[in-house]
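Down below are the structures I want you to see.
Each of the next two complexes has chain A plus one more chain, namely chain B in the first and chain C in the second.
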Partner chain A sequence: MKNNVSRWLFLAFMLTGAAALSGCWDIKDINHRSLPIVMGVKETAGTYQVLLLIPDASPSQTNVKIISQTGSTINEILDQIDKNMENKVDLLHLKVILFERSVAEKGLSQSIESFMRSRDISNKTLTAISEGALEPLFEKLKSSSSNGGMEIYDFFEKNAGWSPEVVQTRIWEVFRSMNSFTRDVVIPTIKPGHTTTIESTGAAMIKNGKMVGVIDSEETLLYNLFKGAGTQGKIEVMHRATVKIVADRLTRSSVMREGSAMMIGRLHLKVTVLETVGDPTVAEIKKEIDEQLSTRLQAMLRTAQSKEADILGLGQLYRDKLSRENLRQWRSKYYPFMKIEFKVHVIVQDGGLLKIKS
Partner chain B sequence: MLLPAFLKSRQARDMDLFLHSLYLAEEPVVLAGYTSLIDLPQTIVMLRQLALNADDAGKPLFDRDSGVGTPLREPGEQEVLDALAAGDALICSESGDRWLRLVPVGRTLSRALESPTTENVLRGAISAFNEDLDTNVGLVKKHMSSDMLRIRSYTLGLSQRRKTVLLYAEGKIREPLLRSIVQKLETLPDRDISDLQALSAFFGFSKWSPITRFNTSELPQEAAFALEHGKAVLLLDRFPFALVLPSLLSDMFVSQNDRNFPVIIMFSFRILRILGVLVNVLLPGLYVALVSVNPEVLRIEIALSIAGSREGVPYPSLVETLLLLLVLELTLESAIRLPKTIGPTITMVGGIILGQAVVQAKLVSNVLIIILAASTIANFTVIGFQNATALRLYKYLLLVLSAMFGVLGLFIGIVVICAYFSYGNTFGIPYLSRWKAGRRYG
Partner chain C sequence: MDKSRQTIVMFWIVHVGLIFFLYPADIIGSLSVGHWSAVLLGFIIHVSLVALYTKGLSYCAPLNVIDLFQRVGRLFAFAMLLPLAVYFVLIIIITVRAYAEIVTVIFLGNTPLWTIMLLFLAVSVFICQLGVESIFRTGILIALLFFPFLILVLILSFQNADWHYLLPLMDRDAATFAYALRRPFLKSLFAFIGGFLFLGFIPSRVSYQSRKIVYASLGLLPFFLASVYIPLLTFGENTASKFPFPFIMAVDTVDVSWLMFDRVTMFFMISLLCFVILFLSLVMWMTLLLLKRGMPALKAPTAGLLLAAAIYIVCLLVPNWNAVERLMWWNTVPRLYAAFVIPLAVFALGLRHRRRETVRP
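And then the complex of A and B:
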């Protein structure tokens, strides 16, 4: 009997303990939270300005509002916004962080570090750089929004509007490049479009968190191919034909020869012909694709090498061949002088629904 | 001893006790019995015929082999009353020194065989058990015509003598299980077995456990299936369900009737039922967890649409969910009490008034209505009403834990429920075990 009583007491104690220690009174329901989708960061004369694109939760949910605030750090600004908003600003669902180009050129280290540090911003939030000022882009996003400001997220989303000429770069990847000896990153650049909401203009090369140059959309496609992220992309063969990449596979082998890095890359493409100009043979198409992609890659690599930005992450392949001391100097000592022998092996899978000369 | 006098005095208290004087084989006798249990005219016709037969054969009426009934030798008052209460008739000579107990023509006090009322059968035998014990035993025998079937009868209770029949298949049932059941049945209970709670206490099962220790079924073929697979079946008089021991988790999902369908359909039914249980138990808790504590798990589109639907709802999601759940439980409970003729009314009231108006009044969000409707529908995919009611209870544990700790709390709740399930056992057979005839347990 006594045992029974003590058991009940223990149970009651556990229940009150669970209720009292859970802190569930601090929980805010979803309709009392503001869920910004896009955050814009710009910097003018040493002070940051943050813009937030927040969908207005209402049963019809078509409204979007833009909130902006200035301050010396991003977290101070967010705190200010939170203080003035009727809801709690919750960055859990932040999808895209937009930097103004000038911020990127000055260096993203401080803001990226603070994003990585914070518990509520997801590490897989996408980054992008705005070519021009942020305000017109945000106004465009707001005016063309019909879906609670989801357009820019859909633009980057792989199961929605993503195309292989657009890079997806997450903040953890930028953070990684800031701390890695052998890997840099590119961040997509966008601007408000004329007829569409957003226009993609290529990507920015980021070295140690600083923007050092740009690559165009064609080179971005190649970058995606190199990363293994781009299939079903369209590619133009200069004068003879237009082909579509159906499948791609990249094999790489790296060697250190007499103290300089050397790489052999083979890209295997399966393509289907979409359009021909004149009457090219399969062999001609193959040759043109090989030549065009190889020159484009060499050109992109040269630009990147001149800026010492290892955007393709080629240094990763030499991690087991160089000492840590040497890896520290990868960007300055080895990467600029690296040679790459790149060949594209093409299989023309078919000529669309028409026949093609072999 | 003047027993007829004693019976006469008894007659003043029992209005349906009759003492009918008549001549059988030229001998004056008194026929005694309850009119409420015995069809008197038919019994007299039968008696006359039996007495005539005995007379023709030259046997005295009160003789053991007269074929009329069993002679009682110097019966006591209690013995006489027990015989009468059991529905038998007694013949007593004028002088009151010779007694005969016989089986009379009884009144029909049970309904005819009907289709089941709590379980539906789509493909399979449709007749169900009713209140008459002999009919029920007969039904099981019909469904399991095997010489392995053993039937043991017990009478349980102190003042109310309740007939209980234990059925099992010799050679198939696990011996320790049979031994523990028989051992329990053979110890005399110190109270009446008027309901399953009392029976459960008699068997020594936990009083507070929501896990049912008897798998009840209205269908003779389910009982026969259980017997063939080495389980024990208990039939109680005036209880139109078979009690199958032991009860296992798989009884929620597996019905013998499934086997009348192709195997692939049988398995899809079972998967559907498992999904139904998960949906029923998890959905309300998941809603509260995702809406209040962990909205980052949702996709942004759903997050926005739920946030929009909750705009203007005054209560936190836990209170909102509890409110609507309360109304739903009331609907379920009242649907049982309602006469069949006004059953559709509650459907209309529940559907239109609660569904539409509650949302328009902004008391709850319309996403919650969808969630709770799905959860309630899923509740009844489970086999057996006793299992469905137990599931209704677990959902509240998950709900409260989710409200406090979010998705983590939901998982803690699942672990707690699983642990509780694995703790449950019937006569040493774990609730979570997979039943196989002839396997050793414990």
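And then the complex of A and C:
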């Protein structure tokens, strides 16, 4: 009998313990939190300024508000904003971090590292660089918002408004490139559009966390192709014809010849013809695609090589061909002199609903 | 009755729960190229110890480790089992403290540590009071519930893998096993050793076939490799070595638009925490078995509560992560003892036992 009572007491004790520890410690309800979607970072004369785009939901409509604050570090600013706001700022659902171009040119390492260290910012947060000042862009995002400020997120999201000329670069990828010998990244650049909310202008080359140059939208497409991000559905305009890419595959092989790096790349494209100017044959279309894409790739590579920024991650292919000490010098010793032989192999799948000359 | 299946499931749960948090960081910290060599070395040690241990146990079939040692002499048993008890208590302390820290780092940022540690200990004491059969039954249930998620997350986490990071496969360091005596590698052995000793403690009514256990332990190799290689393939060695929990960081990068949850890490964490709680209750059950044999005055519920209270107080005294790491390092000697001396002794005694049985019909 006594044993039974003590067992019940024990069970009751365990249950109260479990009820008290449901994991909801110091919980703040959703209506007492502000969940910023976009964070903008700019720097003027050594002080940072942070802008937050926060959806402000009321029962009837969804508005957006912009909050900004200056300070010497990003975390200090966030703390200041939190202090002055009636709600708790929760960065858990932050989707995009926007840097002003001048910040990117000075170097992002410090900020990226603190974002990676932070427990509440997800390491999948997208990054972007604003071509001009941040304020006009934020105003544009605010004024054209009908969806609680989600426009910029949808712009980058693969299942929404993403297109192959836009790069998706996440915080962890930038962080990885900062610590890598053989890999740099590009971060998409945007500006407020004339008729649309956002206009994509290409991408910025980031070397060791510092912006060193830009590539345009067409080159960004090639970057995505190298990264395997998919270019399906992309429409390619040439002099004689307009084609739509329906499938793509890239094969690469790398060799070291007399101490210099050499790469052979083959791009296999399947296209369908949308429009022709004059009456080109299939062979002419194939040749034109090959020439156009190859020259574009060589041009992009030359720009990147002159900045020693290995944005295509070509050094990755030489991991087993160079020793670790040599890989350390990949960017300065091998990459600027590397040659790439690039050919595009095209299969014209069909000519749409009209016949074309073979 | 043959309960091999339950034993195998428990064996997997215990190991999988230990693999994914601290182990990858230790392996990545112990060498810079050819991590598979370190994983395989640890794994071979693991499998051979498991084989030796279960073989020795099968020679003296109905006896468990404590009985086996006590046949030789009370003093001998005491001397052999005291370090083992120390080791068990230390791993409970380390596991509770380390996993509480992991939980606060990953998802309960505002919750104080003492509540999480209390929760871990309370649940595991409760399970271990119900006896080993219920631990095993819970194991089956938890495995059915969580293994599908776990496998799904493991497959998804290859999303950002760049296979070039696999290369180079080898360097001098990896080929000569020069890392084998380094601190991180010795610490990494905890994932191989903490788990299998329970095989010698379960009562004879829960019987299993030793051969099946050895085969089942081979099935753990993909988990060990994945835990190290997923972060390496995602981030590269340079970046992965900067994280205290590389695997969690790598799973965090997974972006799946068709899944209704934003962070697959949550699934992963919660399934593993269940495994760890089960591991804790199993180790606690073994410790209590040892304690009760040493001090027969202690009765069942009181002993468990006293042990849990003592462990809780020590856990509260551990101030920071560095102290946890230091504790893990101090635990190396008892760990190596538990890893090598106990299975070898069991094998030797089992052999002797069998020889006597055959001589004296």
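Note that the second predicted complex is superposed on the first by the 346 of 358 C-alpha atoms of A that agree within 3 Å, B and C clash if a C-alpha of one lies under 4 Å from a C-alpha of the other, contacts with A are read in each partner's own complex, and residues count from 1 in each chain.
By definition in this document, contacts are C-beta pairs under 8 Å (C-beta built on N, C-alpha and C of every residue); 3 or more make two chains touch, one makes a residue touch a chain.
This one's a predicted model, so the numbers in the text were calculated from it and none came from an experiment.
Peer 1: After the chain A overlay, clash or fit between chain B and chain C?
Peer 2: fit
Peer 1: On the A-aligned overlay, A:Gln292 touches which partner chain: chain B = first, chain C = second, or both, or neither?
Peer 2: After superposing on A, A:Gln292 lies clear of both chain B and chain C.
Peer 1: Under the stated touch criterion, which partner chain does A:Leu317 make contact with: chain B (first), chain C (second), both, or neither?
Peer 2: Second partner only.
Peer 1: Between chain B (first) and chain C (second), which does A:Met150 come into contact with in this model arrangement: first, second, both, or neither?
Peer 2: In the superposed model, A:Met150 contacts chain B only, not chain C.
Peer 1: Considering only touches as defined above, state whether A:Ile30 meets chain B (first), chain C (second), both or neither.
Peer 2: First partner only.
Peer 1: Quick one: classify A:Arg170 as touching chain B (first), chain C (second), both or neither.
Peer 2: second
Peer 1: When the two structures are laid over each other on chain A, which of chain B and chain C touches more residues of chain A?
Peer 2: C
Peer 1: Applying the touch criterion given at the start, work out whether A:Ala18 contacts chain B, chain C, both or neither, answering first, second, both or neither.
Peer 2: After superposition on chain A, A:Ala18 lies in contact with both partners, chain B and chain C.
Peer 1: Rounding in steps of 10 degrees, give the angle chain B-chain A-chain C taken between C-alpha centres.
Peer 2: With chain A as the vertex, chain B and chain C sit 50 degrees apart.
Peer 1: Which holds for A:Thr201: it touches chain B only (first), chain C only (second), both, or neither?
Peer 2: neither
Peer 1: Looking at A:Ser58, would you say it contacts chain B, chain C, both, or neither? Reply first, second, both or neither.
Peer 2: Touch partner of A:Ser58: chain B, not chain C.
Peer 1: Report for A:Thr125: first if it touches chain B alone, second if chain C alone, otherwise both or neither.
Peer 2: In the superposition, A:Thr125 contacts neither chain B nor chain C.
Peer 1: Chain B and chain C, closest CA-CA distance after overlay, in Å?
Peer 2: In this superposition, no C-alpha atom of chain B lies closer than 5 Å to one of chain C.
Peer 1: Which residues of chain A are in contact with chain B in one complex and with chain C in the other?
Peer 2: Residues 18, 27, 93, 120, 122 of chain A touch both chain B and chain C.
Peer 1: Chain A touches which residues of chain C in the complex?
Peer 2: Answer in residue numbers: 32-33, 105-106, 108-112, 115-116, 118-119, 122-123, 126, 129, 162, 164-165, 167-169, 171, 235-236, 238-239, 242, 249, 252-253, 255, 257, 262-263, 301.
Peer 1: Write out the stretch or stretches of chain A touching chain B in their complex.
Peer 2: Chain A reaches chain B through residues 18-19, 22, 24, 27-31, 33, 35, 37, 55, 57-61, 90, 92-93, 95, 120, 122, 148, 150, 153.
Peer 1: Residues of chain A touching chain C in their complex?
Peer 2: Its residues touching chain C are 6-7, 10, 14, 17-18, 20-21, 23, 25-27, 93, 119-120, 122-124, 157-159, 170, 172, 175-176, 179-181, 183, 313, 316-317, 319-320, 324.
Peer 1: Write out the stretch or stretches of chain B touching chain A in their complex.
Peer 2: Interface residues on the chain B side: 290-293, 295-296, 300-301, 303-311, 313, 316-317, 403-405.
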